[in-house]
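Order as written gives the chain letters A, B, C and D; numbering starts at 1 within each chain.
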Amino acid sequence: MYIYADNAGTTKMSPVAIDAMTKCMNEVFGNPSSLHSTGQRAAEVLQKAREDVAEALGADFNEIYFTSGGSEADNQAIRSAALFGAKKGKKHLISTKIEHHAVLHTLKKLEREGFEVTLLDVGADGIVDPADVEKAIREDTALITIMYANNEIGTLQPIDEIAKICKEKKVTFHTDAVQAVGHVPVNVHAQNIDMLSLSGHKFHGPKGIGVLYVRKGVPLFNLIEGGAQERGRRAGTENIPAIVGMAAALKEAVANMDENMVKIAAMRDRLIEGLSTIEHSRLNGDAKKRLPGNVNFCFEGIEGESLLLLLDEKGIEASSGSACTSGSLDPSHVLLAIGLPHEVAHGSLRLTLCEENTPEQIEYIIKEVPGIVSYLRDISPIWEE
Amino acid sequence: MYIYADNAGTTKMSPVAIDAMTKCMNEVFGNPSSLHSTGQRAAEVLQKAREDVAEALGADFNEIYFTSGGSEADNQAIRSAALFGAKKGKKHLISTKIEHHAVLHTLKKLEREGFEVTLLDVGADGIVDPADVEKAIREDTALITIMYANNEIGTLQPIDEIAKICKEKKVTFHTDAVQAVGHVPVNVHAQNIDMLSLSGHKFHGPKGIGVLYVRKGVPLFNLIEGGAQERGRRAGTENIPAIVGMAAALKEAVANMDENMVKIAAMRDRLIEGLSTIEHSRLNGDAKKRLPGNVNFCFEGIEGESLLLLLDEKGIEASSGSACTSGSLDPSHVLLAIGLPHEVAHGSLRLTLCEENTPEQIEYIIKEVPGIVSYLRDISPIWEE
Amino acid sequence: MLYSEKVMDHFRNPRNLGKMDDADGIGEVGNAKCGDIMKMYIKVKDGIIEDVKFNTFGCGSAIASSSMATEMIKGKSIDDALELSNKAVVEALDGLPTHKIHCSVLAEEAVKAAVKDYYDKNGIAYDKEKFAPGSCPTCGE
Amino acid sequence: MLYSEKVMDHFRNPRNLGKMDDADGIGEVGNAKCGDIMKMYIKVKDGIIEDVKFNTFGCGSAIASSSMATEMIKGKSIDDALELSNKAVVEALDGLPTHKIHCSVLAEEAVKAAVKDYYDKNGIAYDKEKFAPGSCPTCGE
């Protein structure tokens, strides 16, 4: 059996998205800044995609900035808010310990440039307490950036409450919603979100394309300078095929969201139930306030990579920690933040499901994992029953 | 007749590139940072593309950094060199007046941040004099960035001589080769180029993808922070389909370059000849030291946009100035830099050819342009024979 | 499309295009450096603009704006013509892109300049206020 | 693939896996915080390593490195075993990714630790230099 269960790492593009993109590559190759018909046709297609994306997010089309992905959107949002804050003497930034590296490393760099950064703790459930956010706000707080859903343990953060606090305290609020958009309902206006990042390839859209939503009136600084694309805020010839592919995938994801959420969450819960029978295992992150497709376990006494490789031999594709840090030797900062000791954090397994997965696959996973865990414990010098 | 003659704006993707990309979207969707088979398959494909691109440029594969396009590559190269220069007290940057806005606006921003920028003049032929470059170099010069070929008037800059001067004087040399790569021979090692930017969509590859080549030993600073992709220098899930599509297009362009250059240059020269018969017209940029596909004319007494719109009615798609500034009212900074008065600079026409254009199309253009020019002069209050 | 159908129609088939040898008033506005010049000719009889012609050096929307402006003042009284606002021209054209609004401003100014020239030539007194040069929202000139 | 065929083979089918009850020397290196621990057991007769076993907690290359190291010292003299370098292990495995080199260092150290334990238990004098803890090129520990 072949099971792809690493949908938080990236997703397979949906046929609808591939078709939209291929059609565009063949037929709409113009540069939307060009005056001629081919260029103007591209401009029309771009505008339509912008409107579709805006609608999916509950935004206006002129609040949508296309970027090369979630990382760029995060970088631009945070740098921008920091810079405009600094102009008014506000050099304090608030975030959490469980953010994606696109956020954490940007904050780290700003810290070296003279900003002060408060990284909030999260509870053992992997969720930040809005009261902690409120307490952390100072006169000179320029930005609060807190992710919508965590990429490793899938926990959903109390975005509505945090955004409301930010609105009251008049602090700009950004959320990295890369893992949330297309999977759980998001409405930027209704939820008082000032800035939001998303990435196309997390909901069966193309890679290399993302969105930064910026509420009207919130100033935006350029990360990439050059031509006047994206209303002068993001230079570079517009990647129309990818934008169109992303818009198609997002539309599809939002249309099927209710149905998918129920279906995927049911598989998730069965998987959690099944893996919980393994001794000395624990589910990471709150069992309910998590993404419909996220399952994250730690198995004591084993190390994640060898578990992944053995699962791969069985046709089960999963991850341990987030994909982009798999080159690193450090255990996940997210698992450490929820209080796991280093040695346990090394033994994590993330299975992230989508609507393409089936209950049969879930049963297969539940059947295969225990044997592999027990083999690895057997050969481990630190494991004693 | 339908003629696309705006290949410097963007190109139509080649079937080879579309196929490579579509195949990849369908079959290689993994995240190359993932350990499982799907991820590792993506990592292999990525490595292969990296090697192909490196070979096309005469570079090593680990000198290739994939970016979201030419603008990002320019931004990163220049910011990076400026930043590392500043660490050693070097805060002087040299460039020319005819660079792309991705370069000029980045320099402008650095100027506001305390750097000193020297923008060299070019001759009436649109070419910078290497002697001027040499004279401009100071003890504290951190970077020289000079484009390989100009996007508006197509002039080829004396890159070999400039790079040699930079090497002797130990100043980092970057070239924006977005318009050159795939069209004229480029070999970064042989030509002593320290950093080079290119963009996929200028040689029949996909949009939203580009390359920053950085010679081994030249330090590189991150523009986009986050995951450890691109050896830690450019965060964001790798856009494998676009990378593969670009590599395929580049390989094809390089393989056919000799043949295409001859064919395209012949059409260019015939077009120049034909348009030169129009009175009060002038070719912009050196007639020989220019890209094989670039034709750029000024017609006195008329304004470029109305000319473009009327050409479009005849099926001829061209541009005036560069595509990304077509939203602006200012005449081209490049045409002003080669000494044209404002009113003449407004009347420019850029026709940029590729191997898909035909001699018949060239004759059609030569037949149609004079009538349109003369109509516009007729209705112009400033035109007197 | 960048431009509405109306703009393209007036661009392709400009109304009242040409010079006028026996004009009662001629107005020229804009400058070549900016890339737009409009020249408007009017023929006036009994306070009514009987005929109007224009020449324009400029972009598509400049040509369309001048064409539309001539249509809007032809056969109207001079007072009506002086009421013509750039906004009315934009509306009549079914809109213009933001960075092209200045073209409609030029058209309004060209009409005023032609009327002013007619007043001057005929020694007719007028309220200078009405001819205050409207400033271009794009370049501020 | 991240790993060579050799690495995958030793990972999938580790040689000399297991504990040894009557070991003459036991070495344990690494620490769980780092995510890698190797425990190596040796049986020595007449200066020859007659048998060797290992247990490893760690990544794929850690398991493969320990397996390969046991193969490389089994049946060899203790002096030969002490010559085993992490570089030799890497080469025997047809290479390791750069950030996984530390696993081969651990394997080298595990062998040395087991020999040292054998020497200590048997009151055999040895050159301390030879057992200087090699530092992990990755974490410096």
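Annotations for the structure displayed:
We take it that a residue touches a chain if its C-beta (ideal position, glycine included) is under 8 Å from a C-beta of that chain, and two chains touch if they have at least 3 such contacts.
The shown structure was predicted, so the numbers you read here are calculated from the model rather than taken from an experiment.
Chains that touch both subunit A and subunit B are the following: C, D. Comparing chain pairs A-D and A-C by the number of C-beta pairs in contact, the larger count belongs to A-D. For the pair subunit B and subunit C, the distance between C-alpha centroids works out to 40 Å. With centres taken as mean Cα positions, subunit C sits 54 Å from subunit A. Note on chain placement: the centre of subunit C and the centre of subunit D lie 89 Å apart, centres being C-alpha means. The residues of subunit A that reach two or more other chains are 35, 305, 309, 327-328, listed in rising order. Contacts between chains form some other arrangement here, matching none of path, ring, star or all-to-all. Of all possible chain pairs, those that touch are A-B, A-C, A-D, B-C, B-D. The part of subunit D that touches subunit B in the complex is made up of residues 1-2. By the touch criterion given at the top, residues 35, 40, 43-44 of subunit B touch subunit D in their complex. Across the complex, subunit A is touched by residues 8, 11-12, 14, 17-18, 28, 32-39, 55-60, 62-63, 99, 102, 138-139 of subunit D. Across the complex, subunit B meets subunit C through its residues 301-306, 309, 313, 327-329, 331, 342-343, 346, 379-383.
Those residues of subunit A that touch subunit B in the complex are listed here as 4, 6, 9-13, 18, 21-22, 25-26, 29-31, 33-39, 67-72, 74-75, 100-103, 105-106, 108-109, 199, 201, 206-209, 223-229, 235-242, 305, 308-309, 311-312, 317-320, 322-328.
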